[in-house]
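In the two complexes that follow, chain A is the common piece, with chain B as its partner first and chain C second.
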Partner chain A sequence: MQYAKPTTAAEAARLLSAASGVTRVLAGGTDVLVQLKAGMVEPDLIVDIKHIPGIRTLQAEAGGFRIGAAVSGAELGEHAALCAAWPGVTEGAQLIGSKQVQGRCSMVGNLCNASPAGDAVPGLVAANATVRVEGPNGTRDVAVHAIPASPGKTTLQKGEIITSIFLPARAPRSSDAYLRFIPRSEMDIAVASAGVNLTLDAAGTITAARVALGAVAPTVLLVDACAKAIIGTKLDATALAALEKAASAACKPIDDKRGTIEFRTKVAGVLARRAAVIAYGRAGGKL
Partner chain B sequence: MKTIQVATTINGDAVEFVCAPDEPLLDVLRNRLGLTGAKEGCGTGDCGACTVTLDGRMVCSCLVLGVEVEGAKITTIEGMATGNQLHPLQQAFLDHAALQCGICTPGILVAAKTLLDRNPNPTDTELRYWLAGNLCRCTGYDKIIAAVQDAAQKMRTA
Partner chain C sequence: MMDTLETKRKFRQVGTRPIRPDGIDKVKGRALYGADVTAPGMLVGRILRSPHAHAEIVAIDTSAAEALSGVKAVVTGRDLVAQKDDFFRDIQENCLATTKALYDGHAVAAVAAVDASTARAALKLIKVTYKQLPHVTDVDAAMTPGAPIVQGGRALETVPKGMSANVTNQVEFGHGNLDAGFKQADLVVSRSFTTAAAHQGYIEPHACLAQMNADGKADLWCCTQGHYFVRTTCALLLGMEASQLRVTASEIGGGFGGKTVVFIEPVALALSRKAGRPVKIVMTRDEVFKATGPTVVTSMDVRIGMKKDGRITAGEAILRYSGGAFPTGTVEMGASAAFAAYDLAAVHTLGWNVLTNRPKEAAYRAPGAPQAIYAVESVIDELCQKLNLDPLDTRLKNAARKGTLSSYGPTFDDIGLVATLEAAKKHPHYKAPLGKNQGRGLSAGFWFNFGGNTSVSMTINTDGTVSVAEGNPDIGGSRASISLMAAEELGIPYDKVRTIIADTASLGYNENTDGSRVTFAVGMATIHAARAAIAKMCARAAAIWGIDPEAVEWVDGAAVPAGPNAGKFPPMTLAEIAAVANNTGGPIAGHEEFTADGAGVSFGVHLCDVEVDPETGYTTVLRYTVFQDAGKAVHPAYVEGQMQGGAVQGIGWALNEEYIYGADGRLQNAGFLDYRVPVASDLPNIDTVILEIPNPGHPYGVRGVGETPIVPPLAALSNAVSHAIGLRMSSLPMSPPRILAALSHKG
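Now for the complex of A and B:
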C-alpha cells in the first residue's frame, strides 16, 4: 500500500486518476481505518487530503458557510455562528460516534461513506447544501442529494474528490432540525431519521420547506410531498398529520437487525413530524 | 511494504519512528515506541481504550495512521503524571477503586482530563455523555463518575 499526501486538489485528482488498483481517500479516517481493520478493503493507494489548503477551514462565504471536507464534527460544534444558523445540520453531524470519533470524523466522509443511515446527510439534504467536487475534468458544484448512488456507492467519477460543503445564506425566520431513532442514548446507527428545514413569513406561515428522511431507502430521500403538506400552513394539527403520512408513504426501507420495514415506516413519519415542530419553533413560529 | 519515516511530538518529547503506511498510530505507540498505556480493545473506534489526544483533540489512536502524525503533537496516558506525582484524576481513580481489570482506565483518564481541561465543573450528565465512547465492562461506571467528580473538585480548589 502507498500513502500520499498531496498539497493541491489537482494533485489528489491526478494521483487517484492514475491509480490502477483500489484507492481510498483519507480525511478523518473513522470509516476508512475501520474498513482496513475489518479486511473489507485492501487499498493500493491511500490519498490523505488533509494537506490541501482550505480542506480544514470553516469560513463565511456569500452569507452562508463553506466547510472544508476534513473539518471535524467537534470543530463544527464549536462554531457558534454555524450552529446558530444551521442547528439541524450541526446536531446531525455531532451525533456521529463518540467524542473521540468527533475529533476526526467529517460530514463529507459521512456523505461519501454513502450509508443511507449517515447522520450528517439528511440535514444537509434538507438544507439544500452543495458540495464542491474537484477532479480530472475540473471543478463542479453538486447538490448533496445527488452524491449517494446506493449503499456504499457515490456518483463521484474516478479521480474526483469532494473538497468542501457549502451551506447557503439563510432567509429571515428560517431554521432546521434533525432527529434520529436509536434503541440506546448514544453511539449507535440510525434506525430511521428525519431532517426538516423551514422558512416562515412574519405571520408564522411556512413559505419554504425541505424534508429529508434517512435509513428508510437505499439513499437519503428528499420528500417533496412532505414539503407540500406543510407549505402555506402554520403547522397546525392537520398539516402535521399530513406531513407524517407523506413521510411514511415515501419510505422504502429494508428489514434488518436494526428495525423492521413496518417500524421504520412508522417511526420516520413520527420523526419528520417532531423535527418539523422543533424547526418551526427555532424559526420563531409559535404553535 | 515500504516503511515511512515520521517525526512527531509525544508528551512534549520530539520522537522519530518508521512505520508501514497502513499501520495504526496505536500499533506504533505500543509496538515501536514502547508506550503500552493505550490499549487495543476493539480496534474499530467503538471502545475508547486507545484514546490519546492529537493536536489537542481526543481521538482513537486505532483510527489514526502512524504516517498521519508527522509534525503533530500527541499526548498519551504516559504523559499524565509528573514524575512520581500522580495526576489528581489518577489518584482519584485509586481512591475510589474506579477500576477493576484496568484495560479501559488509560483511555478514560485521557478522556476525562480532556473534558476537565475544557470544562472544570461538568455535571454528571455532561460527564457521562463525554465518556460514552469509553466502554468499561467491570465497574458499572458509577465509581468512574465519582472519581472524576472528586478529581474535578480537587482541581478546582487546588
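Now for the complex of A and C:
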C-alpha cells in the first residue's frame, strides 16, 4: 500500500490516474480508515489531499460560499455566516458522528463515500450546490446531485477529485432545514432523511423550493413533486399533507436490518413535512 | 457454610463511598487489559470462522497456510483433546469445531504468525471443504417436526419422546391446582411474547496471551470473569495438569456474564505449544458478536387469572428458549424465576431449551430471568389495566414475603419485595403527571443470587498495612468493597488495605465472578480471614502480656484485655502487633477456603416514563427510577452503578438491541452500528433508591446486587410504551419500525 501527499490538485489527479489497482482519496478518513481497519478495502494507493492549498479553506465567493473539500464538520459549524445562510446544510454536516468525528469528517467525503444515507448530501442537493472537479482533463463544475451513481459509487472518472463545494448566493427570505430519523439520539445512520430549501415572498408565500430525500433509494432523491406541492402556498395544512404524500410516493427504499420499506416510506414523508415547517420558520414565514 | 447476621452491628466503613483503588489507572489509561500484555517473541494468533450457518466440515487443508513465510503454527479441532464429558466437549467444539460448523462465525482453525497481516493472509490460505446443511435460527421453527437438526442425540431424559431432536431440556416448576385457580378468576389474560438475543456488549473484546514452554509449563494472561474456570477448561482441552498452567486475570473491560466462558484461550495455548513462542489473540468486534455472548432468544406463552380485587388466582408460563447450537440450562432459571415475586396458590411453569444455528449462549446478568419475567409482568399489567386496578397495589397484594412458598420450591426467608414496592409507591415519580403520547410502566424483578467456592488470603504487613488476595476478577468495584469489609472487620482505615486479584497458583479455587456472588461470598471469606488474623493478633498480644489468649479481645483495631480480670494493659493496635510480629512468632496472616451458602435472593422494582412519537415510533425514555434491596450496600456508589447499569442495558434490550439473521442464517449486524446499545444521550438520569433488608445469611447482611437490575426493565419499558400508544406490545425489541407497524395495523 502506497501513501501519497500531493501538494497540488493536478498532482493528485496525476497520481490517481496513473495508479493501477484500488485507490482511495484521504480527506478526514472517517470512512476510509474505518473501512481499512475492518478489512473491507485494501487500497494500493491512498492519496491524502489535505496538503493541497485551499482544500481546507472556507470563503465567501460571488455572494455564496466556496468550501474546500477537506473542511471539517466542526469548522463548518464555527462559521457563523455560513450557518446563518445555510442552517440546513450545516446541520446535516454536523449530525455526522461524534465530536471526534466532527473534527475530521468532510462533506465531500460524505458525498464521495456515496452511501444513500450520507447526512450531508440531501441538504447540499436541496441547496442546489455544485462541486468543482479536478481531473486529467481539467476542471469542471458539477451539481452535487449528479455525483452519486449507486451505493458506494460516484460518477467521478478515474483520476478525478473534488476540490471544493460551492453554495450559491441566497435570495432574501430563504432558508433550509435537514432532519434524519435514527433509532437512537446520535451515533447512528439515517434510516430516512429529508432536506428542504425554501424561498418566500414578502407575504410568506413559497416562491421556490427544493426537497431532497436520503436513505430511501439507491441515491439521494430530488423530488420535484414535493417542491410543486408547496410552491405557491403558505405551507398550510393541505400543502403539508400534499408534501408528505409526494415524499412518501417518491420513495423506492429497501427492506433491511435498519428499516422496512413501509417504515422508510412513511417516515420520509413525516420528515419532509417537519423539515419544511422548520425551513419555513427560519425563512421568516409564520404558520 | 452459612453465617449469622450481626443485626446490631454499627458500621464505620461499610456503607461509605471511598475512591475506587483501580480508578486512577483506568482514567489514565494505565490499567492493563487483556490485549495490553506482551511478551518477547510474541506471535499474532487469528481464528478462521465458518461463513455458513450450518455445514459439515469435510476436510481442512492447512498446507498452504503452513508454507507461508512468517506462519509459525496452524491448529484445527484435532489439536485439542477430545472431551468425554458433554459440558467440556461442547466448550471444546465451540473453541474449534471438528466435524460440523454449527453457526455463522464458528471457529474452525487458527494460525499464529509473526504479524497480523501475515496471519490474515494465512487464514485465506486455509482451505476448508464444507458441505452446507439446512439451518434454523428461529426458536419456534426449530421445534417443528421437519426442522433441520442442529445436533442429534442431545435430549435429556426429561424431554418427552416425539419432540423435535432440537429440544434438549425440559423443566417444570409449580404447585397447586391450576384449573381450579383459573376457574376462580374474574379475568384470565393469555398472551404470547418473543424476545431477541442480546449481546453483553462489553467494551473490551476477548483477549489473551498464552506462553507454553518446551517443558509443558504454561502461563496464560487473559480477560475473564473466572481464571480458575479458565485453568480447569484449558488444562483439560490441552491435556495438561492444572498445576502446570498458571492463569492470571487482566483488568476487565466489562463482562456481564459473557466472560465466564472460554473461547480463545485453549486455541492460543495450542498455537503456542506448536510454535514454541508466546501467542496473543485479540478478537475483533465482529468476532465478538458472531461467536461470543449472547442471551437466549425466546418465545413464551403466559396465562394469568385474577380476581376483581387484584388477587392472582393462577399463573402459567410456557417458555421456549434457545441458547444457540449447544444445550444450555438457562430455561430452568427462567421457569424458576417467572413467578418468584408472587405468593400464589396455583402456579405452573414449563420450559424447553431448543437448539438453533446460533452462537452458544453465554450468561448475561440474571440469565433467563428477564425474559420470563417480562412476559409475566406484561400480563399482570394488562390485567390491572383491564380490571382498573393500581399496578403497585396489585403487586403488593400478591407479593411474596417471609414464609411464602416460592413458585420454584423453596420457602422464602427475610426478603425485601414488599418494602421495595412500598418505596416505589411512596416515591414522587409514581404520581408525577404525564403528557400526551406518554406512558408509565413498572415491573418487579427477582434474582436468586449465588455464593459458591471461594478462597481469600490476608496478610498483616509489619508496617501495619494489610494485603488481601482474592481470586475473583473485579468487574464492579469489588476490590473496594472487599477492602472496606477487611477494614471494617480489622478496625483499620480503608486506605491501609490493598486488595489484589491473585493468579490461579496463589489461592484455592474460586468460582467465576458471576451469580452476583463476589461482594457476598468473597466478602464473607474476607471477614473470616480477618477473624483468623485477629485471633492470631490477640494471641500475640496475650503472649506479650503473659495472659491467656482467651482473655484478649479485639476492639476498634486493637487487642485489649477482656474485662477487669484479664489484667491492666494498654491496647495494642494492629500496627503495634504487626511491627513486632517477626520477633514474636513470625508473620501474621489469615485465610479462608469455603463454600459460601446463604446468598439471599433479591428483588427490584423499576418505574419508567416514556414518550412515543406516533409518527415515527421513536421512544424517548423520560424518567427512570430503580428501587432495589441490597441487603447491606457495602459501597453504595457501586450498588447504584449496578442498578443504573442494569437498567440501561435493559432499556437497550427493550428498545433496539437484537441479533438479526438473514435468510442465509448469517448474522447481519455484527457491530455496534447496527447492534444498537443505548448511547448516553438516549438516557435520562437513572434515579436509584437502595433499600437494606439484611440478608440473614451474611454477617453484614449483604445480598448480591449485580443481576436483579436487568430483570425489570423489559416489562417496565414494554408496559410504559403500551400505555403511551394505547396498544399492548408483546415482542422485543420495540424498535421504531415495530412500533410504527403496530400502530398502523391498529389503524
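Assume the second predicted complex is superposed on the first by the 287 of 287 C-alpha atoms of A that agree within 3 Å, B and C clash if a C-alpha of one lies under 4 Å from a C-alpha of the other, contacts with A are read in each partner's own complex, and residues count from 1 in each chain.
Heads up, the rule we're going with is that a residue touches a chain if its C-beta (ideal position, glycine included) is under 8 Å from a C-beta of that chain, and two chains touch if they have at least 3 such contacts.
This structure is a prediction, so every number in the text was calculated from the model and none was measured.
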Contacts of A:Gly97 with chain B and chain C, given as first, second, both or neither: first
Partner chain(s) touched by A:Ser72 [first = chain B, second = chain C, both, neither]: first
First (chain B), second (chain C), both or neither touched by A:Ser20: neither
First, second, both or neither for A:Gly259, with chain B first and chain C second: second
Chain B versus chain C as contact partner of A:Ile189, first or second or both or neither: second
Partner contacting more residues of chain A (chain B vs chain C): B
Set of chain A residues, in rising order, touched by both chain B and chain C: 38, 185-187
Chain A-touching residues of chain B, taken from the complex the two chains share: 1-2, 4, 20-22, 24, 43-46, 48, 51, 54, 57-60, 62-65, 67-68, 111, 114, 129-130, 132-134
Touch list for chain A against partner chain B, complex: 1-3, 26, 28-30, 33-34, 36-38, 43, 46, 48, 50, 72, 74, 97-101, 103-104, 185-187
Contact set on chain A toward chain C in their complex: 38-39, 181, 183-189, 191, 256-260, 262-263, 266-267, 270
Chain A-touching residues of chain C, taken from the complex the two chains share: 120, 286, 615-618, 655-656, 660, 668-669, 673-674, 676, 678-679, 681-682, 735-737, 740-741, 744
